[in-house]
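Here subunit A shows up in two complexes: once beside subunit B, once beside subunit C.
Then we have the complex of A and B:
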């Protein structure tokens, strides 16, 4: 198990006092695949570098199991790492690249080469062993980097945006393969990525970082369905969640979300404490949780269609309220069969209970998550 | 004639006109060495310096072969010393964070552009005080000191090009910082080391001023100094045939050396890491 306790990393020099990582706590179980996800500058790579030992934390403790590793050199941590640039040694052949970590452990050449060959077979690059890195394609270089990281049977595998230099289709294959290998070897793996789809698809748990802090650390579906705050809600999902400014009000016994363009009555089982009334909130609904409905439906909200985008598998419809008072357009996804043209008047409703309320007086915390 | 051929012809004429003087000089150089101008016949008389010490109208110089040995020893020693000092120094300037790095870097740049010749009188007196005049050590010290800033500066550029990822990868793979330097970074910047080695060699091979100034024994000279001794102020007679013959002997290794080493200058990045 890996434990990070109150990790702080402040860089000195010009940006002195600027904390790249600011009080980060994280626990990773043995054999788990964890993704660190966040926008650039959120501290995810810094965290990975501290796990590798290439950076020393300013404060806090890192444990591998029971062992405090704060001051353990990278070479003594038994980690494998794949870099974004792959960082292959250009003067060595693929075989020597993969055997390099083994040779550094004083393993005899014969045995190191045999193990390099074994590892290369897992990654299906055993036919490339005699080539130099410059003679390989991007995908092959990536595999060599993986093989080099895995050849020493590391306790922990660290992946620093390993797929960002591959083209979209290759990415999907490599992603599946990394996951498969990770499961078969059972190696604890931490991946840093800014690609949410990648993070959600590949990992057991995802830690979403922003401003050097973990916003939410949970399984992918949980992050998606129960975002803890506004940042997580708006960061995850494509197309992104609709977020409408509003206010909670008590209208003759009914609790209602009042926005500039429409009102939404909270269902019976989502009734809130009275103290929430009058609070400024953001009303969040994912585009696929909005459906086009009949005019007579009691929850129907009339909307004017502004724009229709074809996504192939469906349509992305952007609507606004009939008076045009809403500041942001609302996005919803429909299937291809529905005939919708810009300028049409349609009626939409929120799928049962599929909405989020974020308390703007409390840093955008999700109201339902906390209560 | 079409316009394109006309253009080509013009360009070629133009280039030929400008190349001609240079070509003429080289041709004359070979002729002067291998022709007896009084008889107009081909002769190898000028190359007798291979067999016997040079001696004509007051100029008396030792046999050339020990001088050749001196030259080779001196040049190779300079290459080794300069490479061994400049490579780690450049690494430190490029990668390590130490106190005074920026000011030292500025000083290095200043020293690189500073005309060292203006310091030569002071240098001479210092060497006299240290009893290093007329010793190879003295020449080596002055020569290395003079050229080191430039070498370090070039080498630093090569180290700056090495992605951090490569060094980090080596450290994760079990190297110490020094191990990463030795096993990964030095091979990575090998073309750069080759380049400074060539510069050092050419510089040392052509060094005559320091020998003229600091070495008083003719048998301690190197080829460049030897060549310069052929022309002296005292006698007004200059033996052009002999000078060009020895000059040819002196230049030939450099030309050959250049043909074999020019590839190093062309091949700078070997690839292997994508530049992000």
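Then we have the complex of A and C:
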């Protein structure tokens, strides 16, 4: 198990005092596949570098199992690492690249080469062993980098945006393969990525970082369905969640979300605490949780269609309220069969009361969700 | 001219057809190259087969200039001097350039001290040669006033001044030469080391690479082509240059520091045996040419121009 306790990393130099990582706590179980996900500058790569030992935390403790590793050199941490640029040694053959970490451990050449061959077979690159990295395609280089990281049987595999240099289709194959290999070897793996789809697809748990702090650390579906705050809610999902400014009000016993363009009555089975009344909130609904409904539906909200985009599998419709008072467009997904044109008046409702409320007086903490 | 009558009316015709433009652009430089490089080269070759001297009435003498060179009893010593000068200068300046480049660009990467240190090394190569040579002459001055002599006297190591130039003229010449040439190689090598992506060092640290492995498996292979360039260009420089030697010792004492190129210069411009001097300098060119081919082969230059193959 890997434990990070109150990790702080402040870089010195020009931006001294700026904390790249600011009080980060994380626990990773043995054999788990964890993704560090966040926008650029959120501290995810810095965190990975500290796990690798390439950077030393300014404060806090990193434990591998029971062992405090803050001051342990990378080579003594039993880790394998794949860099975004792959960082293959350009003047060594694929065989020598894969065997490099073994040779540096004074493992005899023959044995090192045998193990390099074995590892290369797992990654299906055993026919490329005599090539130089410059003679390989991007996908092949990526495999060599994986093989080099795995050749020493590491306890922990660290992946720094390993797929960001691959084309979209290859990415899908490679990520499935990485997951398969990880499961079969049972190696604890930490991947840094800014690609949410990638993170959600292959990880057991995802840590969403922003501003050097972990916003939420949970299984992918949980992050998606129960975002703990506004950042997580707006960061995950494509197209992103609709977030409408509003206020909670008590209208003759009914709890109502009042926005500039419409009002929404909260379902009676989930009554909020009275203290929330009058608070400024953001009302969040995922585009696929909005449906076009009949005019007579008692939850129907009239909307004017502004834009229709064809996504292939369906349509993305952007609507605004009939008076045009809403500051943001509301996006919803419909199927291809629905005839909708810009300028149409349609009625929409929230599917099965699936919505989120974020308390804007408390940094956008989630106060309510139904899923 | 069948069909020409139906052709589109002729547009404005440029004064020259398109094909001539590249040549027009190259022309001025081609002329300069011809006047200042090719003509002198041809003149030298022609001169080498004449007895052109101060009287400026050349006669064609065939290979007799070359025969004269090989029968010159000074030749073995001059060749030996040339070889010692070139080989030692090259070896030392390469090794020092390499050590300084690795030290400042790898071990002290990004440190201000490393930058200052490299700038200091640049000084010898940017001050005028005459001033530079005067400095060395002062250091090794054979009288009591000389820097080294007075220093040694003050520390009580010697009582009488040492005549440095009589004892080790070649050493002084080589020392002065390498100190001023190190910086050129150092800059090229530093730039090459600087081009190594940071990730490679990080990967090496994760892989537990020793400093020795980093230097021999990552840094040195990267320096192969710059090293080849420096080796060849500096070697040609050492084989054909005479300037420092002329200013420092003028080939002396006796012929102790006379190299082949200095000998060519002296024959042509001091003694006005232009034809003979030209013949000697042709030999210098020939030696440089052979050495260049040898080092191209040694560094396996073919490798550089071979294309890599990529399959998916």
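We adopt the following convention: the second predicted complex is superposed on the first by the 368 of 371 C-alpha atoms of A that agree within 3 Å, B and C clash if a C-alpha of one lies under 4 Å from a C-alpha of the other, contacts with A are read in each partner's own complex, and residues count from 1 in each chain.
Here is the rule we use: contacts are C-beta pairs under 8 Å (C-beta built on N, C-alpha and C of every residue); 3 or more make two chains touch, one makes a residue touch a chain.
In this text, all values refer to a predicted model and were calculated from it rather than measured experimentally.
After superposition onto subunit A, the partners subunit B and subunit C occupy overlapping space and clash.
Applying the stated contact rule after C-alpha superposition, one finds that A:79 touches each of subunit B and subunit C. In the superposition on chain A, contact is made by A:100 with both subunit B and subunit C.
Of the two partner chains placed by the overlay, only subunit B lies in contact with A:165; subunit C stays clear of it.
Contacts of A:139 after superposition: subunit C is touched, whereas subunit B is not reached.
In the superposed pair of complexes, A:91 makes contact with subunit B and with subunit C alike. By the touch criterion stated above, A:275 is placed in contact with neither subunit B nor subunit C. Judged by the document's definition of touching, subunit A residues 52-54, 73-75, 79-81, 83-85, 87-92, 100-101, 104-105, 132, 134, 148, 152 lie at the interface with subunit B and also at the interface with subunit C.
Interface residues of subunit C, counted against subunit A in their complex, comprise 197, 199-200, 202-210, 213, 217-218, 221-222, 308-312. Put simply, subunit B touches subunit A in their complex at residues 163, 165-166, 168-176, 179, 184, 187-188, 190, 270-276. Of all residues in subunit A, those touching subunit C in their complex are 52-54, 73-76, 79-81, 83-85, 87-92, 100-101, 104-105, 132, 134-137, 139-140, 148, 152. For subunit A in complex with subunit B, the touching residues are 49, 52-54, 73-75, 77, 79-81, 83-92, 100-101, 104-105, 132-134, 138, 141, 148, 152, 165.
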